[in-house]
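The following blocks contain the structures, represented as structure tokens.
Common to both upcoming complexes is subunit A, partnered first by subunit B, then by subunit C.
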Partner chain A sequence: MLDQYATTLTFIALGAIFAYSFYAVLIAGQLSLGQAGFASLAAFSGAYLAPADVADVPALLIAVAIGMSVGALGAVVLGLPTMHLRGVFLAIATLGFAEAVRVVLLNQEWTGGAQGLGVPRVLTVGMAWTALALVAYWFWRMGRSRYGRALEAIREDELAARSMGIDVGRHRLAAFITAGAVAGLYGVLYAYYVRLIAPNDFDFVAAVEGLVTAVVGGSTMFLGPLLGSGFQTIVPEIQRAVGVEAGWIRPFLASLLLLVVILFLPGGLASLIPRRTRMPSGDGDDSAAGLAGRRHPAAGEPVVTLAGLSKEYGGVHAVRGVDLEIRAGEVVGLIGPNGAGKTTLVNMVSGLVPPSSGSATVLGTTIGSTPVHRIAAAGVSRTFQHSKLFNRLSALENVLVGAHLVSRPTFLRRLLWLPSARRDERAALRQAARCLERVGLSELAGSRAEALSYGDQRRLEIARALASDPSLLILDEPAAGMNHVEAARLSELIRSLARDGLTILFIEHNVGMVLQTCTRVVVLNFGEVIASGAPDEVAADPAVIEAYLGSADDDAGESPLAGDARSGATAAGAGDAPPDAVANVRPGAAGTLDTPDTSRDAT
Partner chain B sequence: MQQLLNGIFIGSIYALFAIGFTLVFGILDRLNLAHPAVFAASAFVGIELVERGGLSLWAALPIVFVFGAVVGLVIERVAFRPLKNRADAHFAGLISSIALAGMLIALLQWRYGPDTRRFPPGSFPDTRFEVFGAQVTLVQVVILVVSLALMVGLTYMVTRTRLGRGMRAVAENPTAARVLGVNVDRVTAVTFAISSALGAVAGVLFAINVNTAQLGMGAAIELKGLAVIIVGGMGSLPGALIGGLLLGLAEVFAVQYIGSSWVNVIAFGLLFVILLLRPQGLLGARKVREV
Partner chain C sequence: MRTKLHTVAAAGAAALLLASCGSGESGGGESAASGALTGEGSGESCTIEGEVPLGAVLSLTGAAASYGESQQRGLELAAAELAEQGGVTYDLTIEDDQTDPRQAITLFDEFVNDGVSLIIGPTLSNAAVQADPIAQDAGVPVLGISNTAAGVTEIGDYIFRDSLTEQAVIPQTIAQATEQFGLENVVVMYSNDDAFTESGYEAFAAALEEEGVEISETITFSKSDTDFRALLTQAQESDPDALVVSALIEAAVPLVTQARELGIDVPIIGGNGFNNPTLMADAGEAAEGVVVGAAWNSSSDNPENQAFLEAYEAEYGAQPDQFAAQAYTGLKLVDQAVRANCSAERDSIQEALGQIEDVPTVLGEFSIDENRDADHPAVVQVVENGEFTVLE
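Moving on, here comes the complex of A and B:
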């Protein structure tokens, strides 16, 4: 009974394996078409080098081993120089590689050139599906491991992933190598099924077909490639079975269906399968096995030391000559009018932007050439002015990615179902749940980040930043868009974090809240520090008032800023702030238009 | 000399094709993979206009231009506009345009059959010129003139007109452009129309140059078009022109000195080196990443 469909089933399996090689990189947001080249290299070298004097099946196994190694090796060779490319650029560079491989193999004698290379048919339906099952298993177990989450985070927002301490370059290369090995597997299996392989079997059209299969199936769920391959293989079969005549109608209908799927099923066919959202389990009995703790600097030790730090953008001095020391346990508020250089300053401190001159040491790490993820590893964690959440991941998953640095790699142990991996995953989950609870988002743990309200997104960013158990927490306008009740709650949260021993540096336009929350306020104007000190001193500083409200001469009465500061400071001293003590003053904000973040890097 | 001229003629067609490609990418950040199908379709339509409509070669060009523009509007409407707010618009747009291209090619097969088609004999004037000892036909001269005229016209439009200003505004920042009163949807649609019209004319000129039209001709030029826009710099119009000419010349000389089977390695070798050394392409600008 199976025999009748053997060919179709085998091709479904082969197509799915090839699609998995695209899935392997799509899940990390990389668009590569080089898999055709890896498959081609693997097919020819595997079939050519496999010993002829052994039985069929061992020969196939040897060829598979050779092919997968060749594919992975090809991915390293291609990946190292091209990993800095993104999106379409990477796609075209890898496509160029595949084309070059095709032409070179076409002109070799040992490959048989255009005539092709004869290979015995060894592969059976069972073998093809076994191989497919192994590949699918690999990606299934990868999905909920620390490694799998890191790849998804890179896909959603590379910069945020870096700030969570993920070494993006290494992860991307690893994904690329996986793609190479899987493509190699496909190449060899294909060769041992179709009897005759020619370099043109692995051309541009083949590469596009593999990509289409992966995307149609869905590139965010491990069953996607299988569904995609089933769809792509069965549609023509059904058309033939119901008697649609050959010619133009079949490709037309197939293309039409493809269009319908891509337009109306955003997540591909896999989105039809309901996805369980993982929730932290309530039974916290084995609470002993927590996450790796971090040694925080003792109160009073320097955490951030900036000396003459400057940043120029083509003649514009965004930050100039800033000297600043932040000691452990401090809560430092950074205020200043729009364009004063606040965000540039914290971007330098967190390693996203290299300084033009001056030096900076953060938690013992020198800023400048140190990659962002190393600085994060030293204990710096941050939020962004425009939310940079991993939009298509759930709130809980966002926070789990935040815990990347303090959790242990679990993928390989998950492949073997080791109980220790389960324990580590549970510990990470508990950590994430605690962070969500701390910012009051426990109920929304299963919601997608993009579905949250603006204020909730800001809080989720804070939870994600907390998950790495940072020594220095940097918040960039955390209260933006919050009403005064929410801002007061945020202020309380920040102070409670400080009581736990965190050092906090935060930018905020809500001056009342800053004065109420901080132990020290630093005022920046035109890139320079114009005041630094205790909140009430700073609020009374004429230079600060002038920076905010223009010349002080015509301001005989009490300035709103100073008044606000006084009430804020006393309220902070009394310890029970009335909710309306935090007035949402945004001096200097009038008339400016913050365009939303529309960076269009799709990958 | 003959080779040099041949390289320029074929290169100008590549450039025209690639400019349509790069226009959409540069302004909308989308790669429209239905572009090669427009290229192929217009070649068949052009042949039909000459064969059945009895039009002269030159009268067919403007009609094909309009045909391409209409197809471009359809592509934008069907394959790109429904996706514009999706997080995966980049991948999805690639796939939806591939699907639309498949439908277009299937329709061509329905109307014209799977065989290669040619212009009816006698549709080419056989005027020839001698330039520095090389043979040049009038047809080739026209190809070059039409390509250059369209490219100059496009450059003028993008840099000088109101519509062009709208396009550049959308390229910089669609949201800000919308806030400032640019009708982003209309600019997008017009961009697709112009892009496809250029691709269509390139298709007819290509068919005239080699006197054949095949269903697979779009796929054959697709890779070259991609190589050209990378080499020239994604989104750069003069870059696509230079890249196209460079590729045309490289191919012609590669055939002569190395052998025809290695032609594609030349193109992609060049592409690869450029990507490694200067990822933004010869004339592309490096995009500053926002934090």
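Moving on, here comes the complex of A and C:
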């Protein structure tokens, strides 16, 4: 019974393995067509180099070992110079590689040229499915490991992934090498099934077919390639069985069906399978176990030291000559009108943008040429002005990625089902759950990040930033778009984090919130620091008022700075706001709540 | 209770598995139908009660679709004629391998499991190397109708073909052309990324050496190329007596046209890829003087050929090409083999095919040689006034 379908089943398995080689990079957001080249190199070298004087199956195993090594090696050679390419540029570069491989192999004597190389048929349907099961197992276990999450994070937002301390270059190369090895496996198995391989079997069309299979199946779930291959292989079979006349109608119908699937299931066939979100079990609150410890600077030690820091964008001085020192335990608010250079400054501090001149040291790391993930590793964590969440991941997974730096690698141990991997994953989950709870998002842990409301997205970003147990937390307009109740809660959260000893630098337009939350306020205008000091001093500084209102003649009492300070304090109902901050407010205005965003309009 | 149920289920599954193995061994139900596959009488008078199942694997879509379509027409024409003749009815299933070896392998497997008496095809030689072993292992005879690569029939004693190999046709072409045009040095051009044209090139090179013709230059190109001007100018420099070209028709048409445009008026000697009426239709005047070796002499006046040309023209309103002629001949030969022992059993057909000798066919007097390859006269043609005529 099974015999009858052996061929079809074998091709489903082979197609799926090839599709996995595309899945391996698609999951990290890379579009590569070089897999056909890896498969080709592997198939020919495996079949050619496998010893002839051993039995069939050992010969196949040796060929597989050779092929996978050749595929992986090819991926290293191609990957090193091309890994900085993105999207369609990577696709073109890798396609060029595959084409070069094809042409070279065509012109080699030992490959038999266009007429191909004869290979004995050794592969059986059982072997093909065993190989497929191993490959699928690999990707299944990868899915919920630290490594797998890091790849998904890179796919969703590379910059945010970097800021979470993920070494994007290394991860992308690792994914590419995996793709090379899996493509190599496919090449050898294919050769040992079809009996004759020619370089043209691994041409552009083959590469596109592998890509289509992976995409139709779904490139975000490990069963995707298998479903895709089943679909692609069975459609012609069904058409035959139904009795559609052989000829152009069949490929036409198959293409039409493909179109329908892509249109209505953009996530591929695998999106039909519900995705479960695992929640941490309540048991065992041994909080720090399984997490890598981190040494935080003692209160008062310098965390950020900027000296004459400047940034120019083609003649525009975004930041000029900023000297600033932030010490552990401080909560520093960075305010200033739009375009004052606040975001540029924090981008330099977090390593995203190299300074044009001046020097900066953050947590002992010199800013300039140090990659973002190193700075993150030193203990800097941040949120972004416009949320950069990993949209297709759940809230919990977003925070788990945030915990990348403090959790241990689990993938290889997960492959072996070692209990220690389970413990470490649990620890990371608990850490993530704690962070979600801290920002009040526990209920929404299973929701996709893109499905959250705007305010929730901002809070999720903070939770994600907290998960890495940072020494310095940088928040870029965390309250933007929040109503005053939410802003007040956020203010309370920031103060509670500060009480835990976290150093915080944050940009905020809601000046009132800044004044009542910070221990120090720095005001930036036209790239320069125009004031720095305790909130009440800064609020009263004429230069600051002028910068905000454009004129020193205005009654300082009408300053939106002061008004906001009062409203923020009232909304928060917190007694620890500096009393002086509201001293010059006219009593008649007391009790009215301005929206926190008025300061934005004022600028 | 629960364990009991499991045992029953397991036993049931095992029985099912055994049963399926059993039917697999008997060749997919062939034995059940075998009673009806042998009949009484012999030759013309042979009558077989059951329908004789035949499978054909052709490339009806994909890169080789133009060949597959011709073959399909040839087979269908022959099938219609055989149906009229009566006595033996054929159930011919034509399937499309999409020019994809994986499909060819799957189809061979399916035909073998469905219990067909014989498989015709596949269209391309590389697919034959990949798929024919399946039929060989299962003991199902295969008749290739267009496989010209060396080694196909070496796969096993169930593999036959009615298509002359390039190695059979090309030496005759070169010998006759050398005699006719007094060739001394030639330029050889071929596309090196296609199995068919590359093996054609090898045959040309061997034949030229045999005849003592010097190859002053060998130029390669890709089968997808369409602009040959630079290569032709390069060829022109060595002032050859002829251009010898192994290319598919898609490349042949622009190559010939551009050669004439550049003023190369020496004979152009082509491989089997040139053997297509499209050459004259698309290259027009430029095709004049092209020499092509062929397995089928389209202008032959033997009665079988004349009848074929007439019937084909009437049915499809177009001239047949060699692929149609070989396909048509193939099915007629299968009929011959079935009637010889009046049996459509696989082994019986295999035996009878091997004994085919001097059968009058569209291709001429036809025999199957000891290597199960086709043996019949080849013809060297030259394009004259827009038609293939025999080079004499």
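Methods note: the second predicted complex is superposed on the first by the 551 of 603 C-alpha atoms of A that agree within 3 Å, B and C clash if a C-alpha of one lies under 4 Å from a C-alpha of the other, contacts with A are read in each partner's own complex, and residues count from 1 in each chain.
In this text, contacts are C-beta pairs under 8 Å (C-beta built on N, C-alpha and C of every residue); 3 or more make two chains touch, one makes a residue touch a chain.
In this text, all values refer to a predicted model and were calculated from it rather than measured experimentally.
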Have a look at where A:353 lands relative to subunit B and subunit C in the superposition and call it first, second, both or neither.
-> first
Check the residue A:3 against both partner chains and state whether it touches subunit B (first), subunit C (second), both, or neither.
-> second
Thinking of the overlay built on chain A, is A:454 touched by subunit B (first), by subunit C (second), by both, or by neither?
-> neither
A:200 contacts which: subunit B (first), subunit C (second), both, neither?
-> second
See if subunit A has more residues touched by subunit B or by subunit C, and give me that chain.
-> B
So, A:247: does it touch subunit B (first), subunit C (second), both, or neither?
-> both
Check the residue A:110 against both partner chains and state whether it touches subunit B (first), subunit C (second), both, or neither.
-> neither
Using the touch definition from the top, say if A:118 reaches subunit B (first), subunit C (second), both or neither.
-> second
So, does A:137 touch the first partner subunit B, the second partner subunit C, both, or neither?
-> neither
Name the contact category of A:212: first (subunit B only), second (subunit C only), both, or neither.
-> first
Overlap of the subunit B and subunit C footprints on subunit A, listed as residue numbers | 103, 106-107, 247-248, 251
Subunit C partner, complex, touching residues on subunit A are 1-4, 6-8, 11, 103, 106-107, 113-116, 118, 121, 194-196, 198-201, 236-237, 240, 246-248, 250-251
Residues of subunit C touching subunit A in their complex?
-> 16-17, 20-21, 24, 28, 58, 60-61, 94-96, 98, 101-103, 105-106, 109-110, 113, 126, 129-130, 133, 149, 192-195, 197-199
What residues of subunit A sit close enough to touch subunit B in their complex?
-> 26, 31, 81-82, 84-85, 87-89, 92-93, 95-97, 99-100, 102-104, 106-107, 159, 204-205, 208, 211-212, 215-216, 219, 247-249, 251-252, 254-256, 258-259, 262-263, 266, 343, 347, 352-353, 384, 391-392, 450, 593, 595-603
In the complex with subunit A, residue positions of subunit B that touch it | 25, 29, 31, 78-79, 82-83, 86-92, 94-96, 98-103, 105-107, 109-110, 173-176, 179, 219, 222-223, 226-227, 230, 234, 261-262, 264-265, 268-269, 271-272, 275-276, 279, 289-291
